[in-house]
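The following pair of complexes shares a single chain, chain A, combined with chain B in the former and chain C in the latter.
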Partner chain A sequence: MMNRLSTNKTVFAWAALTPFILLFAFFMVYPLIQSAFLALNQTYGPDTRLFVGTKNFELLIEDPVFWTAIKNTLIYSLGSLFIQLPLAFGLALVLNSRRLKGRSIYRLIFFSPQLMGLAFVAVLGALAFEKRAGLVNRTLAWMMQDAALLEIDWLQEYIMSTLILISLWLYVGFNMIYFLAALQNVNNSLLEAAEIDGAGPLSKLRHVIIPSVRPVATFVVLLSMIGSLQLFELPYILLNGNGGPNNKGLTIVMYLYQNGFELGDLGYASAVGWALALMLILLALIQIRMVRKEEASR
Partner chain B sequence: MDPSSRMRHACSLALLSLKHLSLGVWIIVTLFAISGLILLTKSDRPSENLQMWVFSPEHRAMYAPMIEELQDRTEGDEKPIDLSLLSREAIKNRTMSGFLGGLPTADLIEIERAYIGQFFQGPQEAIGFHDLTDRLKAEGLYDQINAPSLSPWSVNGRTYGLPHDVHPVMLAYRADLTESAGIDLTQATTWDKFFELLKPMMTDKDSDGRPDHYPLSMWITQQDNIELLMLQGGAQLFDTQGIPTINTETNAQLLAEIISWCAGPNPLGTDIDEFTAAGHKSRVDGDAIAYLCPDWMCSIWKMHVPGIAGKMKVMPLPAFTEGGRRTSVRGGTMLGIPKTTQAFGQSWETAVELYTAPEIARELYRMVDIISPIRSLWDDPVYAEPDPFFMNQQKGLMFIELAPDIPIRSSSPYNYNAVLEIRDSALNVMEWTKNQSDWTDDQLLEQVRSQLERAQGAIERQMSRNAFTGVESK
Partner chain C sequence: MSVARPSKLSRSITHFVLIVLAIVVLLPYAWLLVASLKSREDFFSGMFFPPGDGFLGISWESLTLSNYTALMEMGFGRAAINSVFYASTSAVFATFICAATGYVLAKSKFRGRAFMTLVVLGSLIVPPTLLIAPSYELLFHLGLLDSVWGLLLPTFAPAFGVFLFRQAVQQSVPDELIEAARIDGCSEAGIFMVIVLPLIRPMIGAFLLITFLGMWNNFISPQIVLQTSSKQPLSVAISQLRGVYRTDYGLLMAATVVSVAPVAVLFLVLQKQFISGLTSGAVKG
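Showing the complex of A and B:
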């Protein structure tokens, strides 16, 4: 009887899993194999190809534009990590305070850029950071009473800073929601005990709140890093499809897109894709290691 | 339990678990089933009609009555023509996807010059458009078309599209301001004379720290204008075989001169956006006196900057050296016939009809100020009509006079990247000037030479990756 039940369960489990396995094989495994094969070819669309072996990877290593794209993407990722996340956590702390009136309204306000979508934010960003007529330069010039500030060319000279600033607006509210959820799960009795022990706000933050939100923070850091490494739409729209002067705004995915879909060289684009995949795998491994280390220390 | 009853049992277990699915899941499953059915039953057969894609609303407005007339004339012998308006980007993406992925495209497609390089990226035999060279020659059109206007659409002497335009460039200037200052700008036969004549207008009467009027709207971030000026001066970024020639002495000297207009504490050029409201306001305010003006720009100003109507005049560009070329070229469109078309004959006839008809040429000029590339049409009285926007000048005739002299342009798939590299070179040299207290022309030229060397290397590197074009770098 037990044996029969177990067989039935196995059949049912496979029946339930089959659609997923088929979809996964078709949309994930097959493209991965295909892209690995493509990376060994030079192509002009899918029909015209030439086997070049590892040449694409060799060229990639020597390609200064690729390294510029890596540098830019890392600058953006680190900017996101060290500016965006602390800001999101700070906002979450403020908005978690019961003493603050109208918390829901503030939460909505900070989260609202997410509702607009990347393309719209990019278009607004381009207008706000325009030289001379843009809101940012106008405000700076008015505040500092210096007409020279109208000439700051954000979209030509300070592209990465501009991208980080725009993404702050876009993602701070989004990450804040994660932190807010984590803060609302902090054990109140721990906070009360700390208070009884004479802990001040900073001590409570350091010894109670931060350890409690650490798992969520680790997740948000990973999510934010992966998202940053895949940055595409924002600079693409902001810079009209190219990387800006001296490729100052070129990201890895933009470079992949340029090669694969504008130049038709799917082979070189696949090589770029594999380089990005390696970076992401490395990041995920670091994350897994960190989580395991943390679990072991508990 | 035998295998069949085991299967029955497993099925009943599965059905039992379906009963516990929520309403939401059922809605999703139902929608999935319905949409799946629709997709399965939907025919993906391309339309039987002849398809034409254009990116300009004005083109569509011009072609529609002509196409109707064409169809009335042929009285059902030929396929009906569907004229679709798509964005430039959409046309480029859909056409590229069609060529590269074997997806259906239109039978007639208008492509803008900025994107044509991408279609010439692969081996010549893989270019998705029909080679029209022999047809053009057989029907005598090749000799009728303004010769330099064929260059952006030709690879190794083979032409893949009918040129829609010439796009010669003149200098448009605020004649109201120059005339009230007593300056006759038509005397400016060279750029040196032009800046010399306008320097007195660079005073700062409103004390805002900037000159009231800059002589020229031109900045080194405007890659299209840099290319235009370099072409005017005789620069070539690629030779006839498609080999990059970015680091030549001619190119270095031209770029150094252009940079000198923008560098230093008192630049002669200023950065005015060409297509934004802020830029249009600057034009009305007279922030710059003169603009580099291809024929199509006239209609953009008429539409978006009515505040300068009756205040502008056009004149041939000042030359880089006395007796040098007084015009240049910017932009362009071609009409191509994809190899996938099932109706080449009708597509060709329609293309020729639309691009050589005097009525269309007339409309083209009236609606968007663009002159036709067909030389036999240049006698049309429409080009002699005075234009009130430009103080009643016969600007059509002025553009036509310059049309045969526009520079030849490269159709290299790397031309766009080369222009971006030139822009980056200019920006790097500008950066260098900012870090110097003073510099001589020779030092500036030396910087430009080294930047062009860098740009040449970058393009050669890109080209060396392309195993298809068979172009060896220098």
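Showing the complex of A and C:
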């Protein structure tokens, strides 16, 4: 009886695991291994492979377009991060106050753009930043009473700023939710003690609130860097599939896509993918070190 | 959190700033909705509603649904049906598979469990963009390019789902309950269906939503896997529409409304699950 029971358990366990294991092996493990081999090959479409060794990586290092893509992606990532985080944190601080009327409605509003898929945001953004007809230029022209502002060509001339502005609209509310959760961890008795000691709002912020929010802040930084280094949909759709004038809006993943699916070289695309993965891993390691250091210094 | 009572002035300033920011966030929605109802001729007249001599100085009668009917004639409805099908299939399968896997990893003792848990969690750090090129090659060799299954199958086993369900089972399914059911003669599959699933219902709801939304909003996979235009979901269809009708603003506006409205409705109905789902597993406490 006991024996049958334990075989039943094993049979069930494996039956329940099988679909996942199969799918995971096919669509995660195998492509991951293949991406390493692919990066050592040149292809023309998915059907051909020509072994070229480390040639792809050598070419990549000397490829000026790749460096342009890296530069653009970093500008976007850092630009949106440094504007986004203080805003998200500030909003969270304000909306955390229980006395504030309508705070749940504000939260809902600020969070809502996050639900819109990037492809849809891109189309809306493209329309909003359009010359003459777009919402942005019309609002600017109306506020400044200056019709010349209708002619600002966001999508061609200021594509990076456009991307950063759209990302603010999109992600500030999302990151705010994380900070709101983090603020629940702030120790109330510590705050009260600080108050009794005569600490003003600023020194409370510096010495009590920010230290207890820091782990989440580190996490948010990592998360949004990982996301923004893989930026693709927004510039791809805003620029109609190419990098814009002088590749001003080309990102790393767009370059991967162009090589793999427009030129058919999946090998070179994989090399770009590995370069990006390396950047992400490096970033994660730096973050982990920072967290460790902080924990050690406590 | 107790902060010294803010003065009336600072409270009004706070509200003023919040309202301005809320308007900045909401304005694009309003603009989108109104402009999707304007005809091509009216698009440039007035930022929002076309001016006229109707109520509030707006020419109400010139608002039209023509953009929407034009969209339907172009076969955009087909893309909407595709999106519904892809997103719900992907959500149901991914949720069920991840729940079963997470449950086994949390509660069953078998050889290789620690290793498997490690591999699944470790895979979370693989950036999805790294797999784009090799997955395309794989689907080509499997003969699954331009097939619905080539799009759907890879979405059925997300590792982070296993992670979330493993955590949910550990937190809310006591071992004693499983043992008791076993002694009462309940089959292993019965235990999972009748006892475990109801206990982790909040996570099931949240994960159904996350995966539905993820697939609804997915652009790069269908863009790469599918070629036939009648198979495309809204995300790809709308980007193609913009490629062709770049200056037909009303049409693009209507297409965006059609693409976003279902998600907005879902969100308003199920707000709570949404927020908890989107932040679950990331921040505890």
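FYI, the second predicted complex is superposed on the first by the 269 of 298 C-alpha atoms of A that agree within 3 Å, B and C clash if a C-alpha of one lies under 4 Å from a C-alpha of the other, contacts with A are read in each partner's own complex, and residues count from 1 in each chain.
The criterion applied here is as follows: a residue touches a chain if its C-beta (ideal position, glycine included) is under 8 Å from a C-beta of that chain, and two chains touch if they have at least 3 such contacts.
Keep in mind that what you see is a predicted model, and the values were worked out from it rather than measured.
Asker: Given the superposition on chain A, are chain B and chain C in a clash or a fit?
Answerer: clash
Asker: Does chain B (first) or chain C (second) touch A:A119, or do both, or does neither?
Answerer: In the superposition, A:A119 touches chain C alone.
Asker: Looking at the overlay, what does A:S270 touch: chain B (first), chain C (second), both, or neither?
Answerer: The answer is second: A:S270 touches chain C but not chain B.
Asker: Please work out whether A:N8 is in contact with chain B alone, chain C alone, both, or neither, and reply first, second, both or neither.
Answerer: A:N8 contacts both chain B and chain C.
Asker: Go through the superposed model and pick first if A:T48 touches only chain B, second if only chain C, both, or neither.
Answerer: In the superposition, A:T48 touches chain B alone.
Asker: Which partner reaches more residues of chain A, chain B or chain C?
Answerer: C
Asker: With both complexes superposed on chain A, which partner does A:N242 reach: first (chain B), second (chain C), both or neither?
Answerer: In the superposed model, A:N242 contacts chain B only, not chain C.
Asker: Could you tell me if A:F111 is touching chain B, chain C, both of them or neither one (first, second, both, neither)?
Answerer: second
Asker: Contacts for A:L59 in the overlay, against chain B (first) and chain C (second): which applies, first, second, both or neither?
Answerer: Only chain B; A:L59 stays clear of chain C.
Asker: Output the chain A positions appearing in both contact lists, the one against chain B and the one against chain C.
Answerer: In the superposed arrangement, which is not itself an observed complex, chain A uses residues 8, 11-12, 16, 46-47, 130, 132-133, 261 for both chain B and chain C.
Asker: For a test of understanding, state which residues of chain C touch chain A in their complex under the given definition.
Answerer: 1-4, 6, 14-15, 17-18, 21-22, 24-28, 31-32, 35, 43-44, 47, 97-98, 100-101, 103-104, 108, 110, 116, 120, 123, 125-138, 140-141, 153-154, 156-157, 159, 162, 182, 187-189, 192, 213, 216-220, 224, 234-236, 238-239, 242-243, 246, 249, 252-253, 255-256, 259-260, 263-264, 267, 271, 274-275, 278-279, 282-283, 285
Asker: What residues on chain A touch chain C, complex-wise?
Answerer: 5, 8-14, 16-17, 19-21, 23-24, 26-32, 34-35, 38, 43, 46-47, 91, 94-101, 106, 108-120, 122-124, 126-128, 130, 132-133, 135, 138-139, 142, 169, 173-174, 177-178, 181-186, 188, 191-192, 195, 201, 204, 216, 219, 223, 226, 230, 232-233, 236-237, 240-241, 253, 256-257, 260-261, 266-267, 269-270, 273-274, 276-277, 280-281, 284
Asker: Mind listing the chain B positions that touch chain A in their complex?
Answerer: 1, 6-7, 9-10, 13-14, 17, 93, 96, 99-102, 118, 121-123, 126, 208-210, 221, 271, 273, 276-278, 281, 413, 420, 423-424, 427-428, 458, 461, 465-468
Asker: Residues of chain A touching chain B in their complex?
Answerer: 4, 7-8, 11-12, 15-16, 42, 44-48, 50, 52, 59, 62-65, 130-133, 147-148, 153, 156, 242, 245-247, 261-265, 268
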